[in-house]
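Each of the two complexes below includes subunit A, the first together with subunit B, the second together with subunit C.
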Partner chain A sequence: MATIQTADKAGTWVGIGRETLVKWAPLLVLIVLCGFFAAIEPRFLSTRNFARILIAASPALMVATGVTFVIIMGSIDLSMEGTVSVCAVSFAFCFLWLGGTLASWAWLALPFAMLVGAALGFVNGLIHVKLKIPSFMASLAMGFVGTGLAMVMTGGDRIRIEDELFRSLLTERVLGFPLMVYVAGVFLLIAWFIQTRTTLGRNFYAVGGGEDLAIASGLNVSRVRVLGYTVAGVFFAVGALLAVGRIGIAETATGNDFMFLSVTAVVVGGTALWGGIGGVWNTLVGVLIVFVIGNGMVVIGLPGYVQDGVLGILVILAVILSTDRKSISFVK
Partner chain B sequence: MSTFIKDFIEKEKISRRNFLFASACGLGSVAAIGALGPGMARAALTDPTIAWSYRNRTNPYWNEIVSGGEAFVQSLGMTKDALTHLINEGSSEKSLADVKAVLAKTGGNLALAIDTNDAPNARPVVEAVAAAGAYVSTLWNKTDDLHPWDFGDNYVSHMSWSDEGPAEQTARILLEAMGGKGGVVHLGGIASNNPAIERLNGLKNALKDYPDVELLAAEPADWDTQKANQVMSAFLTRYGDEITGVHCANDTIAYGVLEALRAEGIEDMPIVSYDGNPQAVQLVAERKILATVFTNPHWGGGITAALAYHAAIGSFKPSEEPNEHREFYGPTIMVRPDDALEFKASYLDSVPTYDWTDFWGPSNGPIVYK
Partner chain C sequence: MSIENLKPYFPWITLAVLVLLVGALNPSFLNPASLVQLVADIVPLFIMALGMTFAIYIGGIDLSMQQVANLVTVVATVYLVQYGIFVAFLCIGAGFVIGAASGWITTRQFVPSFVATLAMGFIALSGARFLSGERALSMNADARDASFGWMFGNTVGIPHELVIAGLLLALAWFLQSRTTFGRALKAVGSGELAAVASGLKVDQIKILAFALSGTFAAIAGLMFSVKLSGGDANLANGFLILAIVAVLVGGTPLTGGVGGVINTLVGTLIVVVIRSAMVYLEVDATMQQMIFGVILIVAIAMTIDRSKMRIVK
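What follows is the complex of A and B.
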């Protein structure tokens, strides 16, 4: 709050003050929410409960991280539900075919699923770029294709993955948290590395911040876009693997709800939908906000339908906070 | 032609009787309207298109329903592709539009099995089918004031399930396993769904006889495994060891609950569920779930199509059947650990070959309105 007061006194600092606020607002919201739930039900703050929240959040965090890259480019990827389903089902089939335990060659199913995710993302990007279909429509359509494909592959059945070694993602705990949480953490660091330490990562911002400029500077924007969707596809696949690890079931419904959860999380975390602003840490905070609300509402005993309402309000608040409305001439 | 002549004589009989009655009362005009109304018998169809209209196949339950429809079509000597699929994806508007389109395409030569997605949509669907002279059997959704017998032969039948009784039975099994004390949580379906409401009511009915058991919480888990997993985790935070039993509204919810418990290293929590999916039956056999209720969706999907088809080709005349043959409950079979393997062998591992002309054998009595 001190920043705002300083900013008010010195007019030239207004921009900086606002930026600081926007930057830290999602984290503040997260802390306030945690404090609120803890005040009503102290058990909310226990390590075991945080482990539960993180178990629930890990698959969605991976999916949201993937879509973050696309949103930073100013595009949107809505294919996650189909991609997650296809990756989960492909993984399950491949895993069982190769032996059904991580101790055998079946571990190859893990990279295979990620390749499937990459391929789907690649096709998704190509359709968007080469056929010049708006990303919203191209990816949504690809999502439906994915769901249909998963349906055809499974015939509507659910595939159980019983391998104890693979399920140790959920059952083995280090410092009170299951392995899948650490796996998600590692991939988040990889995402952060891509975002800050690679040319590709910086190009995402270049495309999202001002595509005309990027083109004028000689950047192959089409290539960056296709790569962005491919990287997103890989992260969707990781999300699918964690989702299967958490429930032990791969099915067409594995991808359900990821679209709403991940796009909400990205926006609530402060990544702007028109691109160029935000990043994977914002997404982490956004995902945590969404899942802290989901968990906290039940923990303090509020009925489920209030959760959706609260999330909706938060999305609007987040967009209000992260938008400098004076700089926008029109909204479409 | 023989059916035509039979129908003709029958029609003559009805109108003559009505005429005599009505003219005795001085209301001859009523008889004329009555004879021309929807109660009028029509000639049967030959080789009608058989269609199933439903949500989609991603849901294991609907997948079972439609596989029953396919089995019925195969029993007629056709390939299963002969069944026309009208997929509404949860939209009542699309459901109605699909029905109208297929009626137009077939010129009314149609035997339709349908879940109209929601109850109000049943009336326009049935009216459209009746107006085209086609035949329809409905499953699950219809309003209480809509009855097959008000549409002569064209609205053949309606089948639904009452879940309150079976859910109460599973709840009693659960409460007994808990030793008649402790705390129970309920994870329900989508809050506004009728089966979700009935299954929670079943639990509440059973709880009246177990004053020492507290219903700690009942939360919707939207029939969804992952949602159930999260809700159960949050319940564990809130109630911890106070939870000594879990009542799940269906099997997909139970899977999520089992995994949430597994994550915490809890292995012996009493759980009951509903639907009798193959995987759940296996878990019952392993005593990880104490009971589930099988509603035989395969038979339900097949027999709904069979009723519409056989009425359409004139194998039987719906208007001559008693009301309990036109609105009836589907079968329910309780699956317990002791008989789970036997049940699995006879119903799931090999799908039994049903006699698709035994329309009412496995059904469960007439529908009762509250």
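What follows is the complex of A and C.
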């Protein structure tokens, strides 16, 4: 009897705050995780460790932010590994060709890389929309093209970027955190601005929430889709720049591992794969959850072979906790 | 015959065009013996793609297959001496259980299969790394030949791998087309809500579909392990994306309900012809990945049947 009563109580409590609870669930998961790791190993909470987490997370955050827009539309973009590699390599070539230091005209390599990202995203979107190929497949194939292109450009070599001014992204610290963390923060704000304060951003939700309705309301859905992929491409490029800034090397492998990582982070943050729900703040929380888990397991000293499995279990738990079970009837 | 009637055959036509094209450019590609060898070499990939078909057919995806195969290579290598040929049951059981767990997480816990299977893959990877002690293991050669030597023999010029692939294809085709379960799969893939409304036990069907994909991944892993005579937590890496590509190029869309295992056969062959054609036509190694991507876009643009897709996501 007692158990039934508690269940009822919990039921009402959840009933009142259900929406709020689901909305904040990813953040709660993040806080609980931090608390858990901190309880086992207090050093987890040090500024140095947080800086480490944020340095590792910054490039992935940018990539995940880019793909968030596409996922909000109910599509998916799996081209990030290729796009990141091409952007990183294009940046490196352009940067070295123009002088090899940010103090010269070589700073133009930064916007150039973002243009390359935009162009790749644009082509990706066009292939998806004009050839009517499902985005999963179109973007996956574009990812192959990207990785291949980076391979052709470099011939398999690594390109070192040793300019101190560019590397200050990592080496220069303000309040204990390197510059790249702030750069990622600025671009996150830009993404938030696009999402909430621009027509394009609202249109992403319109397309994801119900494409039939969006078309019926006179929205040019094809255009919104192509633009969505283009914006995503720009964010992939920013991710590439931060990745190069972090390790000082541009190569074909720069884009490796971003694909599953970023999509997982987006979903863990509470953005639904079927579109219309979520946003860039969810993605921030999702990326942090994934990287806090990764870092925390190292800090508390779990053996390497356990870490993958624990990550898997925690990712599943995080998604379960942040899913509103009452509002969906099935998932694919 | 109109274009509409030809649509189901687009994947076959694409395959024929590709083979003839490559054959015209380099006739040695059409040498029967080398073609048979070419096809025999991709049997593990084909088996994995067969399993993937079940997951995609119901509108899901199984990203754990590669890690399940990895785990199985390790399990097979470690326990071969102890259990002999019965290690196969252990391997297949492991694949079935992991697949079923993915299915349970997807259907009962509402975690999208993209994430659920990816995460289950991580768990399988942990198992593989733990069991292998993070080393590349090699099989006991005597035990391998005694238990699984038959897998790689030849009968009247036909490699046994092809026979195994053929049997598995027949089994998968039978399940898909000649059983209630197969019809239920199609119903779930075409419209899950309608399937629920018609009284199908959709959850069970989906869990079983994922269990099947896990089982096929395990068989692929076992063959791979025997073929390379070893086990390693990274042995099967690179197969996952190719298996997905093979299914999709064959004409089974991610939305499910259309296509099937025969399509996957064609899709796998298309992927293999493209890959090996680049070797035959002496395409520069650095260019191969890029060209593969471009041809893939062309191939899928040609093969997919858009008439049943109202909205392309």
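Here is the rule we go by: the second predicted complex is superposed on the first by the 297 of 332 C-alpha atoms of A that agree within 3 Å, B and C clash if a C-alpha of one lies under 4 Å from a C-alpha of the other, contacts with A are read in each partner's own complex, and residues count from 1 in each chain.
One rule holds in what follows: a residue touches a chain if its C-beta (ideal position, glycine included) is under 8 Å from a C-beta of that chain, and two chains touch if they have at least 3 such contacts.
Keep in mind that this is a model prediction, so the values were computed, not measured.
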item: Partners on subunit A (subunit B, subunit C) - clash or fit; value: clash
item: Touching partner for A:292 - first (subunit B), second (subunit C), both, neither; value: neither
item: Residues of subunit A touched, compared between subunit B and subunit C (which is higher); value: C
item: Which superposed partner A:305 touches (first subunit B, second subunit C, both, neither); value: both
item: First, second, both or neither for A:151, with subunit B first and subunit C second; value: both
item: First, second, both or neither for A:143, with subunit B first and subunit C second; value: second
item: Touched partner set for A:44, first subunit B, second subunit C, both or neither; value: first
item: Touching partner for A:22 - first (subunit B), second (subunit C), both, neither; value: neither
item: Residues of subunit A contacting subunit B in one complex and subunit C in the other; value: 147, 151, 155-156, 304-305
item: For the subunit B and subunit A complex, residues of the former touching the latter; value: 56-60, 62-63, 191, 217, 219-220, 224-227, 229-231, 233-238, 240, 252, 255-256, 259-260, 262-265, 279
item: Subunit C partner contacts - residues on subunit A that touch it in the complex; value: 74-75, 82, 127-129, 131-138, 140-149, 151-152, 155-156, 211-212, 260, 263-264, 267-268, 273, 275, 304-313, 315-316, 319-320, 323, 325, 328-332
item: Complex interface listing, subunit A residues touching subunit B; value: 41, 43-44, 46, 48-49, 52-53, 55-56, 147, 151, 155-158, 160, 170-171, 178, 243, 246-249, 251-254, 256-257, 291, 294-301, 303-305
item: Touch list for subunit C against partner subunit A, complex; value: 59-60, 63, 105-107, 109-116, 118-123, 125-127, 129-130, 134, 192-193, 196, 202, 241, 244-245, 248, 253-256, 286-294, 296-297, 300-301, 304, 306, 309, 311-313
